[in-house]
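There are two complexes below, and they share chain A, which is joined by chain B in the first and by chain C in the second.
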Partner chain A sequence: MSTEVPARSEATATPTAPHRMPGRESADRKQVTQGRWASMLLLPTLVLLAVVIVYPVINAVTMSFQKDAGLNPVTGFFEQGGFAGIDNYVHWLGQQCNGQACPPGTLGSEFWSAMGTTFFFTIVTVILETVLGFWMAIIMARTFRGRSAIRAAVLVPWSIPTAVTAKLFFFMFAFEGIINKLLGTQILWTGSEWPARWAIIISDVWKTTPFMALLILAGLQLIPDEVYEAAKVDGASAWQRFTQITLPLVKPALMVAILFRTLDVLRMYDLPAIMTGGANNTTTLSILVVDQIREGFNSAGAVSTITFLTVFLVAFIFVRFLGANAVGAATSSGKK
Partner chain B sequence: MNTRKYLLPAAVAGVLAISLSACGGGGGGGTSTGGGDASLDGRGPITYVQGKDNSNVIRPTIDKWNAAHPDQKVTLKEQSDQADQQHEDLVQHFQAKSTEYDVVSVDVVWSAEFAAKGYLQPLKDKMALDTAALLPATVKAATYNSTLYAAPVSSDGGILYYRKDLVPTPPKTWDEMMGMCSVAKSNNIGCYAGQFQKYEGLTVNAAEAINTFGGKIVDDSGKATVNSAEAKTGLGKLAEAFKNGNIPAEAITFQEEQGRQAFEDGKLLFLRNWPYVYNLAKTDGSSKVKDTFGIAPLPGQSGPGASSLGGHSAAISAFSKNKATALDFLKFLTDPEQQKFFATQGSLAPVLSSLYTDPALVAKLPYLPVLLTSIQNAVPRPVTPFYPAVTKAIEDNSYAAIKGEKSVDQALTDMQAALQAAGAK
Partner chain C sequence: MSTATATATRTAPVPMRRRSFSWAPARTYIQAAIILVWCLAPFYWMIVTAFRDTGYTFESTPYPNHITLDNFGTVFDESLGNHFARNLLNSVIVAGITTLVALVVGVFAAYALARLNFRFKFAVMGFILGASMFPGVALVTPLFQLFTNIGWMGTYQALIIPSISFTLPLTVYTLTSFFREMPWELEESARIDGCTQGQAFRKVILPLAAPATFTTAILAFIGAWNEFLIASQLSSEQTKTVTVAIASFTGAQPHQEPYTAVMAAGTIVTIPLVILVLVFQRKIVAGLTAGAVK
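What follows is the complex of A and B.
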């Protein structure tokens, strides 16, 4: 039942209590004034958000229902396309170009493979980064000499701009690059599908595992030592302590970290764009959007709206999943 | 249940994701050919827009113009050095019908798109430009629907770099070159490479192969005509060379720079590249071929091959108020004196054929006579308002063909269909 939700600062929304006592009333009024003040102070931020976030989204959605300008074959000039209905969406989702299946070599023919590639990258990189990040966080949580130096050093990959990382790995994965030299191989990393995908995954994991590690580390440090000591006294093994104490207690922080990473990697652009240019089945949805912008804004509006809804859906599933657990942990009774 | 609670954070997260992709803005189109007649006679200060002036070529040129025309001064607006960003900046200003930009520098492959969108002032009638002295291919690249829309300012073409210590006379034809690959094999180096990674460079190389053997990607009326026997021969030659190893397998990852490095390392017998490589291969400390390489026109079917064309043109914005001044500035840019300065100062290939034999210039840029042959035989990349989609159709399908993922037949059938879907029908 929704009314059971713990009252937060929403008190201003329901200021009328059935029994009004003199002292209580002045407190209420105070709260109302405070609430007014709060919303007035928040207003500039809200307006700013509306301008930079809400307006572009609405604009993109509106554009996605317009046809792209088409060439008038008689004059040789472009003319406005007019209202398109859901044509742009049919074009992408059905991979239809002018009423037939989009031939290879058009952006339209790549939609579902881009969707698949995006999710492939998301699943693989998030799993790898979570496991490696957890491992790094556990190491960093220990007390040892030079711990702060390690923590700082771990952040270096994260602080390098993605485009720079991509260029670095582009050179390292080149045919004459250092990776082939070190491994003694002659792999064409950016020239065929699976090596290209792995090159991108390796770069992404290198770059963003520190981010995961730090978020998880923050969660680990919230666990009091007493819990571990008590478990030790009870004779729990190291593995039991990990699965029974560390994992459940770090879960909220872990979930937030995974959510952030997932949303981030769903809009992956720089790494594949720079390392492979989207060749060999490494085109992600964001690359598709940017390429389509060059060919026609309105159709790009449609594919970016689809991307938006996809990310939204994933976020929704995550937050719902996450939220249920957070509530369960906090109240630990009643609601299921 | 109260899904609202979950919906809001999810929505915020999603919104953040889209706001990145949604900033493309505005719709296309507009058929207006620009201001009234008054602007055609307009004289006064104008703004010239181009990408970053890395070798300090345009500033001294503009200073010179300004000294001679104190009442019609030119102001330089420098864009970034990224072609995509330059394109975007121009589109934004044109869409807003901005009068701020008067003369703009356009990459040869953009001119048709800008012309078809009504952004550029046609150079005809009162605004006509004398093109007699210009290299024909450069004029063709600036022409859309039989109307000239821009003045060619700089050009570029592919040339063949070869190892003169291993092959004394350069090959004249493709087949002759493939015949010389046994020399490469006995020296244990790769035979031939160009730019075959999937990017604009592949369009350049695939178009050269197709054009060299008489194929046409898009005909003069803008129709896709790539599914022809000639095109099949051309693309087939590239695919075959990849298959039998005359083009080493790693060339599939080559852009200009990787090819240059392999050639300078002595790992290639032949390299197709732009003229910029010449000075680097001569002077780079790491170059092992300083004194042992030569240059020649691209090999063709029976004579020189058909190079793709690079370079920039200058066009007048349809929304400019001072078009008379702008036209004078265009003529000034194509004047032999400025062209010579561009060549010596910025190594930009001139658009005037007469300069390619100028002794002073040839002394400084020894590749000019070879480049002239290349540009005289050059075929512009498809002049089409749908260039981004057209180049994608060429890249994707020729990439599949040279990798052997598709037969050449199938690749050309798909390329034809993709070109038609792009609008070239």
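What follows is the complex of A and C.
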């Protein structure tokens, strides 16, 4: 842990290594030219990201405060849009349609259940992936003949497009499919709430555990064997070695992996969209937004903004309180 | 270097193990076999089904039987409304151009982030990382309206522009991690020999960075190739990509899910990726894990 502290000092970008510079004055000058050079090199990327992300997001936020044109259910007349204030947000967060609770079956009534489903998927898949990924990483870290075959095999699920994974598992989870035959069950997997949820979770875990396993493996490989040898000599049990050495030392890599996976599941769309179409309470926030687009842009803008803020908030909690220092890992200079 | 010391220490305790039979290796092999089956079985099942006669779709024989190539014919059968060749071309165009743009633009940013000292470096990196984690669905709504207004719906640029939003940050992030581990002393020697920083970048660093750039290109291409959400909303019949096509496939029997044909289409889309990934396995793992560990 303590060896990783120097990562932080880089961020301030003050010349912290004066012994490398001939003198303070030239160090400052170097800093200025480097800064100019850096802004030139970064400009195209930042401009492009501003065009493809920042501009659409500002657009979506602006839209979310506008009213969707449509028939007024009270008067029966067609109404143009116009400024809506926070009406769209009240509509989603309060599940209010025209001043009363949205009737069941409308998109408006599904917001909190979609939020719940999204978080349920996120928590369950990330826990399963972390446990399975850790197990896979520990096996892959061992030396045995055929280890490279395992390392190659875990890349296969990762490289299959999610849409194909969805279709593949949809087929395997079919009523007459191989999974019912293997289990000797007759479950309508994608046809009812809990089986459908588990089918989606299992598909996601299959597809993305390898990513988790590889990140954890990379972290495991940084732990020198001497540490384990020393612990063994001191009489530490396998469990003690795992909790006292492996876990704390692999934690930085693990937290980054969990952060990436969490943010990825929060925006889950492909698997439920293809496997169930969002039926049987498998509608995630992303599916809700896409369904809403055809019913009204501005209202869709509001729910997409809520989705974005939710993801942002979770990322913030991870980085601020759980110590997932992805940025620090990326900006730290050199390895070792 | 660290691997060398690791193997040295690992081989050391061997004589100790020989004393008595140990269950440890056997247990490792059993667990390794479970991982192998878990990862490969669904993939294997897709290929077996792809070559199976439609009449035996739900056959559960574990080895290939009722072998036929008909499913691959169905995939490309335009009379059924499938335009898979067209879809493949669209995916190549969209993923190819996206990757190219992301690389050409991102390589400069990555160089700056890996090599130069400047203020706001932390903020810039945070912004780029944040962008890579950005939910695509938050872009679809405004872009849907924008592209409808300017008549871009169903064009290639309507698919490429949003794809850049996640490929470019990924590219910059991965390249930055790679660049930080390169032998930059060579750049300094080039500068001592009289090169400007720009020349040193072009003549010394770019050739050195080629392998890292290539790996990043593969990762970016796979990311763009696998994209579904944006393509499903912003493409038309003419620009539909393979992932969208596979999700809405039509078979010979109306109102019946053409499972075998879908598995054939999935096989066509997946096999090149799997081969690519296995050939460049080491580099891809390095690229995937770059940045997460120091």
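Quick note on the criterion: the second predicted complex is superposed on the first by the 288 of 336 C-alpha atoms of A that agree within 3 Å, B and C clash if a C-alpha of one lies under 4 Å from a C-alpha of the other, contacts with A are read in each partner's own complex, and residues count from 1 in each chain.
Here is the rule we use: contacts are C-beta pairs under 8 Å (C-beta built on N, C-alpha and C of every residue); 3 or more make two chains touch, one makes a residue touch a chain.
Source: prediction; values computed, not measured.
After superposition on chain A, the partners chain B and chain C collide with one another. In the superposition on chain A, contact is made by A:L214 with chain C only, not with chain B.
Contacts of A:I127 after superposition on the shared chain: neither chain B nor chain C is touched. Touch criterion not met for A:I86: it reaches neither chain B nor chain C. Note on chain A: of its two partners chain C and chain B, the one contacting more of its residues is C.
In the superposition on chain A, A:A163 makes contact with chain C only, not with chain B. In the superposition on chain A, A:A253 makes contact with chain C only, while chain B stays out of contact range. In the superposition on chain A, A:Q66 makes contact with chain B only, while chain C stays out of contact range.
When both complexes are overlaid on chain A, the residue A:A230 reaches neither chain B nor chain C.
Looking at the shared chain after the overlay, A:M136 reaches chain C, while chain B stays out of its contact range.
Put simply, of the chain C stretches 45-53, 99-107, 117-125 or 135-143, the part that bumps into chain B is 135-143.
Counting contacts as defined above, chain A residues 52-53, 56-57, 59-60, 63, 174, 176, 263, 266-267, 286, 289-290, 293, 297, 300-301, 304-305, 307-308, 311-312, 315 meet chain B in one complex and chain C in the other. Contact residues of chain B toward chain A in the complex are 1-3, 5-7, 9-11, 13-31, 84, 87, 116-118, 144-145, 197-199, 249-250, 252-253, 258, 261-262, 385-386, 388-389, 392-397, 399-400, 403, 414-415, 417-418, 421-423. Here chain C touches chain A in the complex through residues 2-3, 5-7, 9-10, 25, 28-29, 31-32, 35-36, 38-40, 42-43, 45-46, 49, 57-58, 60, 101, 105-106, 108-109, 111-113, 116-122, 124-131, 133-146, 161-162, 164-165, 168-169, 172-173, 176-177, 180-181, 197, 222, 225-226, 228-229, 232-233, 242-244, 246-247, 257, 259, 262-263, 266, 269-270, 273-274, 276-278, 281, 284-285, 288-289, 291-294, going by the rule given at the top. Looking at the complex, you find that chain A touches chain B at residues 2, 5, 52-54, 56-57, 59-60, 63, 66, 68-72, 75-81, 97-98, 102-109, 174-176, 186, 188-192, 259, 263, 266-267, 276-280, 286, 289-291, 293-298, 300-301, 304-305, 307-309, 311-312, 315-316, 318-320, 323. Interface residues of chain A, counted against chain C in their complex, comprise 4, 7, 10-11, 13, 15, 30-31, 34-35, 37-39, 41-42, 44-46, 48-49, 51-53, 56-57, 59-60, 63, 135-136, 139-140, 142-144, 146-147, 149-164, 166-169, 171-172, 174, 176-178, 181-182, 206, 210-211, 214-215, 217-219, 221-222, 224-226, 229, 252-253, 256-257, 260, 263-264, 266-267, 269-270, 273-274, 285-286, 289-290, 293, 297, 300-301, 304-305, 307-308, 311-312, 315, 326-327, 329-335.
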